[in-house]
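Each of the next two complexes has chain A plus one other chain: chain B in the first, chain C in the second.
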Partner chain A sequence: MLQKTSPEIGGMGHSVKRKEDLRFIQGKGTYVDDVSLPGMVYGHMVRSPYAHARLTGIRSEEAKKLPGVLAVITGEDLAKAGLSWMPTLFHDKQMVLATGKVLFQSQEVAFVVAEDRYTAADAAELIEVDYEDLPVLVDPHRALDADAPILREDREEKTNHIFHWEVGDRQATDGVFQTAPVKAELNAFFPRCHPAPLETCGCVADYNPATTKLTVWETSQAPHAHRTLFALVAGLPEQNIRIIAPDIGGGFGNKVPIYPGYVCAVVASLQLGRPVKWIESRSENLQSTGFARDYHMKAEIAADRDGKVKALRVKTLADHGAFNAAAQPSKFPAGLFSICTGSYDFSEAFCEVDGVYTNKAPGGIAYRCSFRVTEAAYLIERAMDVLAQELKMDPVELRLKNFVPPDKFPYLCPLGWSYDSGDYKAAMELALEKIGYSELRKEQEEKRRKGELMGIGISSFTEIVGAGPSHTFDICGIKMFDSCEIRVHPTGKAIARMGTKAQGQGHETTFAQIVAQELGIPVADITVEEGDTDTAPYGLGTYASRSTPVAGTATAMASRKIRDKARKLAAHLLEASEEDLEWEPGKFFVKGAPSKSKTIQEIAFAAYTNFPAGLEAGLEAVHYYDPPNLTFPFGTYICVLDIDKGTGEPKVRRFVAVDDCGNIINPMVVEGQIHGGLTEGLAIAFMQEIAYDESGNVQGGTFMDYLIPTAVETPNWETDKTCTPSPHHPLGAKGVGESPNVGSPAAFVNAVVDALSHLGVKHIDMPIAPWKIWKILKEKGISE
Partner chain B sequence: MATKKFVRVKVNGRDHEAEIEPRLLLVHFIREVLALTGTHVGCDTTNCGACTVLLDGRPVKSCTVFAVQADGREIRTIEGVANNGKLHPLQEGFKEEHGLQCGFCTPGMIMSACALLEKNPHPSEQEIRWGISGNLCRCTGYQNIVKAVQYAANKMA
Partner chain C sequence: MAIRIEKTFQVQEPLESVWKFLSDPKKVANCVPGAQITEAVDDRTYKGVIKVQVGPSVTDYKGQVHIERLDDENHEIEIVGKGQDVRGKGSASMKMAGKVRSLADGSTEVVSVSEVNVVGLLAQLGARMINEVSNKMFEEFTKNFKARLQQERPQQSTPQMPPSTGSGATDEPRPIKALSLVLSVLGESVVRFFRRLFKGSSS
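Now for the complex of A and B:
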């Protein structure tokens, strides 16, 4: 059990107001585009208008003549330095600037540098590029056809097939299906979508020829990993590279990869000896940087007539675009997709995934989820509803019948994951009670009699977060630990640095709360700093809800090391033995004599002024934490919506989200993250898709076409929680930021299908725009 | 390059003069000429509102206004919202009600809310939602932003 701290200390469980807010509300944040250096110049990317074309010539003489233009860099130029290709974060490589041919619309072709951003854009217009059309491959289902164009001529294997991956027992699973009395099948497409953080990607690269030091301010969720990759790829000494991720305007996975723009800015700065700024536009962000999902999935469930599930069989086609730039560090090509048995106790399961190349932007990044967990959660939660429909059973009853029971944890699922903890029924029951489920079902029945359309959608998802145990995760060999270094100053104030990097999560407050919890130093006295590779200990960054499970633990462990030393100092000051001292947040006291005590501030002062012989001066510690397992947050979400029969518009009436992320550091911050993730889930379910036409033209390339919900479309979210602490996490915490994005799409879609199920509707693919519903109503003859 | 134009604007109560290219966007003028970087750029299609400033008291998306169009007019940015170091009730509200996460939309959001409260000091929830509907936020889901505006409205009443 965690000791409760006072509000002044502000340890775990307190809704401490965020320390970072003061600069943001006054316009005093420092985002990458706010960095301005003497002599700084601007880069602009020339991009391909074609999805697949031979590159036969680039003429840049006119551009170079424009006053103010300093350099034009092409793929051929980079090739001379061996930099025209770079490794992706998943066993593939991608072009920095195109050589030979282009493979997707908006691919990077040339980089122009000029004295100011307008001149750079003008010069880009003057560059003439010759293309010869090549046949375009858009449909991943056609990628392996004999007559499909081979996209990646650079690879030895002349195929568009990237990988086949399977997990589970195929034979045993097939065996269960042969005899199962009930089978349900779902074919679902999780569309390509984009994290679209409000700040686009960008950097300022500053190479100083005198010191030979390269400093890069970068929109990076993983600055240390970027530093090492820059060192390995560009051959620069790692100590001469400093990556600074300043304030970041949202990431959601989009800012994990290294993008060609960063590399070009670095090359240009090396070439010119001047700082080079490159900031992408919104359309560049949506059209060329890490997309997510694009999974064509099939799930089959074998069950008994009474609804007890037996086996799950999943087959998926993954569209990775032109390069497999899946920014995911697991050892598995489909990441953690094998969490697809979800919250349910299947005896057998088998899952296979094939990845293919198409003429689309590269990626497959983990958008607000741990590497394909959103796809998995959506698939199983939709499939359970399909089974319920097949059995004519209430989806709640079906779920309750099949939940992994609390006494089965730690639970080894048939696809190999060991779930650390869970109480799915408790979360479900709280959600049912909050929403008034049985009354809603009665209301729905009455409405149906009147011809009105109302739906209730349930999702009781399980997440898997906190990458990760190094046996399963690494980035180019670097294991997925994370770190914290704490220094307590003589006056009892402290600075803590981590290998993570917040992009809105509030680490400056929540990580200070962990230190406050462990050391009793008030949150107000603790500075948290992340993102500067010259000062922070090495870590793998912030994504996959890993900050709290991994760096959060490192923070607690570093604090405990400090407390151990503080005990020695307190014993010295109190002239007592260490064993006779007891700790309460903020002070050591002598057992049985509470008035004989020393505060952590007094102890900190003594660490520099009055320490015993044999003890080093100072009060600091560093800890690197490699977790033994992942954490498994879960929850039940229930969506109630009404459908307008005139327009087909679904309107969310209520949405209850019950989350269980174990012990909570800051309830206010957790609730805020859930609101935000649900809103992103709403957008994915109803509004967003990065689609391509048959020529490979992006159809969702701006905010005019790729819709972001405004305050008007977004409902009020009702949140609540249950608490099942993680047994292996020293604070019992689990990570939460991604749960709402993972769990909610199925709740929305289940609600729409539920509203239309009596008409025989079994599935609708996202995004469920009103026209899709209207078309169904029209076909059924009930549109108004 | 076109002939430069002379502009004179009052920004957050201070006069500024500059020779600028006629095509220079107001947002770049504010950020790069005046070095007021609290106003952000989040899209290039006038959708996101991160660049919202007040032009003669009315909210505009400064990525879609030329700086020369602001000649002789008054501009207010996020840097001019606090009064002598004292936070504006809206700024306070955003902090108290957890109305921000990454902070990138916040300045534009506050400027739109400023304009709303000046016109309508007691807005309903729906009026607040419509009032900030030109500003996109990817982090908060707007619920706490609505509360932040309500906080300010109550405080200013």
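Now for the complex of A and C:
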């Protein structure tokens, strides 16, 4: 068990106020658009209005004549340098600037550089681009039809099919289905949505011809990976590339990929020898950068008549848009979607996914989820409700009957994952008690008699986070370890640097708390720095809830290395043997003589002023952590809502979220993460979709159409927790930032369907806007 | 986005004069708010512009229209048109079939079926409004059509301008103010909503 530190030290379990908030709430953060360099010029992107068109000519003479315009870069220009295409993060390539044809609306076509932003934007309007429109492919179900246009002429395979991926035992699963007395089937579409971070993407590229050093300030969740990719793609020496990710205003996976704008800014800076800033507009962000989901899923459950589940069969069509720019580990074309058996003890399962190209923006990033876990959790939690409906069984009873029991952990699921720990029943029971489940069901019955619509939705999800063990996990070949380097200064203060990069998660506080826990140095005395590839140790960045499970452990391990050295120094100072020393957070003392002690601060000073012969000076350590397994946080969410029969509006009355993320570093930060994730889940369930019309026009390309929840729409979140530590994580922690986004959509949708289930409604696809419900009420003749 | 617009209206003019007017793209173009023929490529193909204003930004669609079919006997015409915004924000294409016929009272009925496809910024922003906006545009077109047809009556001998001089003979096109159209459409939907609401509560 971890020793609890004093509030002054502020180690694990203390709700230490976030150190970074002081500058954030005062508007004193440094975001990429705050970076201003002498001689800096500005880039603006010319984009395609067509979803699919032949590019027959670009005329930029008028634009170049405009005073202040410095350069216009086209795909043909980049082609000369071999840079018109770049690799995506997932076994594919994408156009930096279009050559030959465009494949989605808002695709990058030309890059204008001018002395100021306004001139660059004006010049972009003067560039005439000739297009010949081509047949547009929007519906992924049509992608493999014989008469569908082949989108990717650059590929050898003349098909829109990207990959087929399957896991599990097809034959055994089919066998169970053949004899199963009860089968439930769900066809669900998880719509294309977008993380829509508050800050859009952007960069400042600064190539210094005198030093031949390229510095790029960039909104990047993975600065080191970007540096290596820049080195490999552009052929620049890696030591001459410095990526700095400054403060980031939200990422949620959207800031993992490398976007054409970054490459164009770098090329322009190399060409002009001046710093080039490029910042996306809101619409550019929504229309061209990494989207998430867009999974057309079918789930079937085979069960006994008493509700014991036997087998799960999942078939999914994944719409990847024009390029497969999914940001996920190389060996997993559908990410960790195969966690789709969820919290339930299936004996057999089979899951297959086919990816296709369409004329839509590229992506498939993990929006606040660990690579497609949200899709998986939504599917299984929705499907369990469909089965409950089929069996006329309470969804809670069905879940309790099928949970993986606590004594079965570590649990090997039929799709191959080894769940580290879990107690699903405990989380469920706490949630039921908090919400007053049985009373709510009684109330619902009464309301139904009166003709009122009320629904209760349950989601008892399991996540899989913390990628990941190097034997299975890599991105573009780089293993998914992470790192921490700690230096303790002579006065006992410290700086810790990681390979991760916070975008609002609070790393400056929580990682300092891990160091505080391990070394007893007060949180206030520890600086956490991330995002500068010249100073931070190499790491894969922050996404997929991997920072705490991976870099958090690296931080603990680096701290422990320092403590080992501190023990040697303390032994020297106390003239005792190392074995005779005991540690309590903040000091070593001689066993049996607690007054004979040396604080970590005294030891740090000695590391520079009075170290024994044969011991290196200084007190620092670095650790690269390769986790043995992933971590599996879980929880139960319950949503209660009422439906207005006049407008079809679902009003969330209560929402209880019980999370279990193992040992908690900072309860306040965890609660904040859960509030944020639930709010995003609410938006996904009810408000958001990046839809396309039949010509490939984006229908969710502005905040007029892609809605962001405000305080008005957001209900009160009631949170609680159970604690089942991860057995393999040195701190017993699991990662939590994404659980609420993963677990909540199913709770909302289950609640809406539950409210309408007595009318024969079995499923409604997200986003459940009021009109969808109103239409159903109208059909059933009960709208007011 | 593709939309289909079917419109029928009556003109208090004899069929022949309506047909003569309708089968002349230059004259018809002048009735389309914001549109103008700039050049005759041949006797069936014309180049032209149409300006659409959304808020402060003016979209200039530049393109051409072509008479696919002109049936003087049955008084039917089919026109295809295609234009691209000169600032690269999008394009629009249209296929219109028109037919005129005499009615018993001596007036003439004009029936048109148009399929319009809009791509780009306008299709993104105006998706929900485009049907109502096109209704408004059509209303204005009908008004202009009737007025210009009437103007022609006393001076039927007006010489035709040679097609190549184009714009000199016609009025400078005024942009269609899509935003103001949207606002008036919005206004109407609000009125309709309240009308429904009060009707609902009183019944």
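Basically, the second predicted complex is superposed on the first by the 783 of 784 C-alpha atoms of A that agree within 3 Å, B and C clash if a C-alpha of one lies under 4 Å from a C-alpha of the other, contacts with A are read in each partner's own complex, and residues count from 1 in each chain.
Here is the rule we use: a contact is a pair of C-beta atoms (placed from the backbone, for glycine too) under 8 Å apart; a residue touches a chain by one contact, two chains touch by 3 or more.
What you see is a predicted model, and the numbers here were worked out from it, not measured in a lab.
Q: Contact-wise, after the overlay, does A:Ser695 reach chain B, chain C, both or neither (first, second, both, neither)?
A: Second partner only, chain C.
Q: Could you look at A:Asp354 and tell me whether it touches chain B, chain C, both or neither (first, second, both, neither)?
A: After superposition on chain A, A:Asp354 lies in contact with neither partner.
Q: First (chain B), second (chain C), both or neither: which does A:Met668 touch?
A: The answer is first: A:Met668 touches chain B but not chain C.
Q: Decide which partner touches more residues of chain A, taking chain B and chain C as the two options.
A: Of chain B and chain C, B contacts more residues of chain A.
Q: Tell me the contact category for A:Gly250 with respect to chain B and chain C: first, second, both or neither.
A: It touches chain B, and chain C stays clear.
Q: Who does A:Ile127 touch here: chain B (first), chain C (second), both, or neither?
A: second
Q: Applying the touch criterion given at the start, work out whether A:Ile25 contacts chain B, chain C, both or neither, answering first, second, both or neither.
A: In the superposed model, A:Ile25 contacts chain B only, not chain C.
Q: Let me test your reading of the model: by the given contact rule, A:Met704 touches which partner, first (chain B), second (chain C), both or neither?
A: Both partners, chain B and chain C.
Q: Would you mind listing the overlap between the chain B footprint and the chain C footprint on chain A?
A: Comparing the two interfaces on chain A, one with chain B and one with chain C, the shared residues are 702, 704.
Q: Using the touch definition from the top, list the residues of chain A that touch chain C in their complex.
A: That would be residues 46-47, 49-51, 105, 109, 124-129, 131, 133, 693-699, 701-702, 704-705 of chain A.
Q: Using the touch definition up top, name the residues of chain A that touch chain B in the complex.
A: Interface residues on chain A, with respect to chain B: 17-18, 20-31, 33-34, 36, 67, 117-118, 196-200, 247-250, 252, 279, 281-283, 503-506, 668-669, 671-673, 675-680, 702-704, 708, 710-712, 714, 716-717.
Q: Inside the complex, what are the residues of chain C that reach chain A?
A: 1-2, 84-91, 117-121, 123-125, 127
Q: For the complex, which residues does chain B have touching chain A?
A: 1, 21, 23-24, 28, 31-32, 35-45, 47-48, 50, 77-79, 81-82, 87, 91, 94-96, 98, 100-107, 110, 128-130, 132-146
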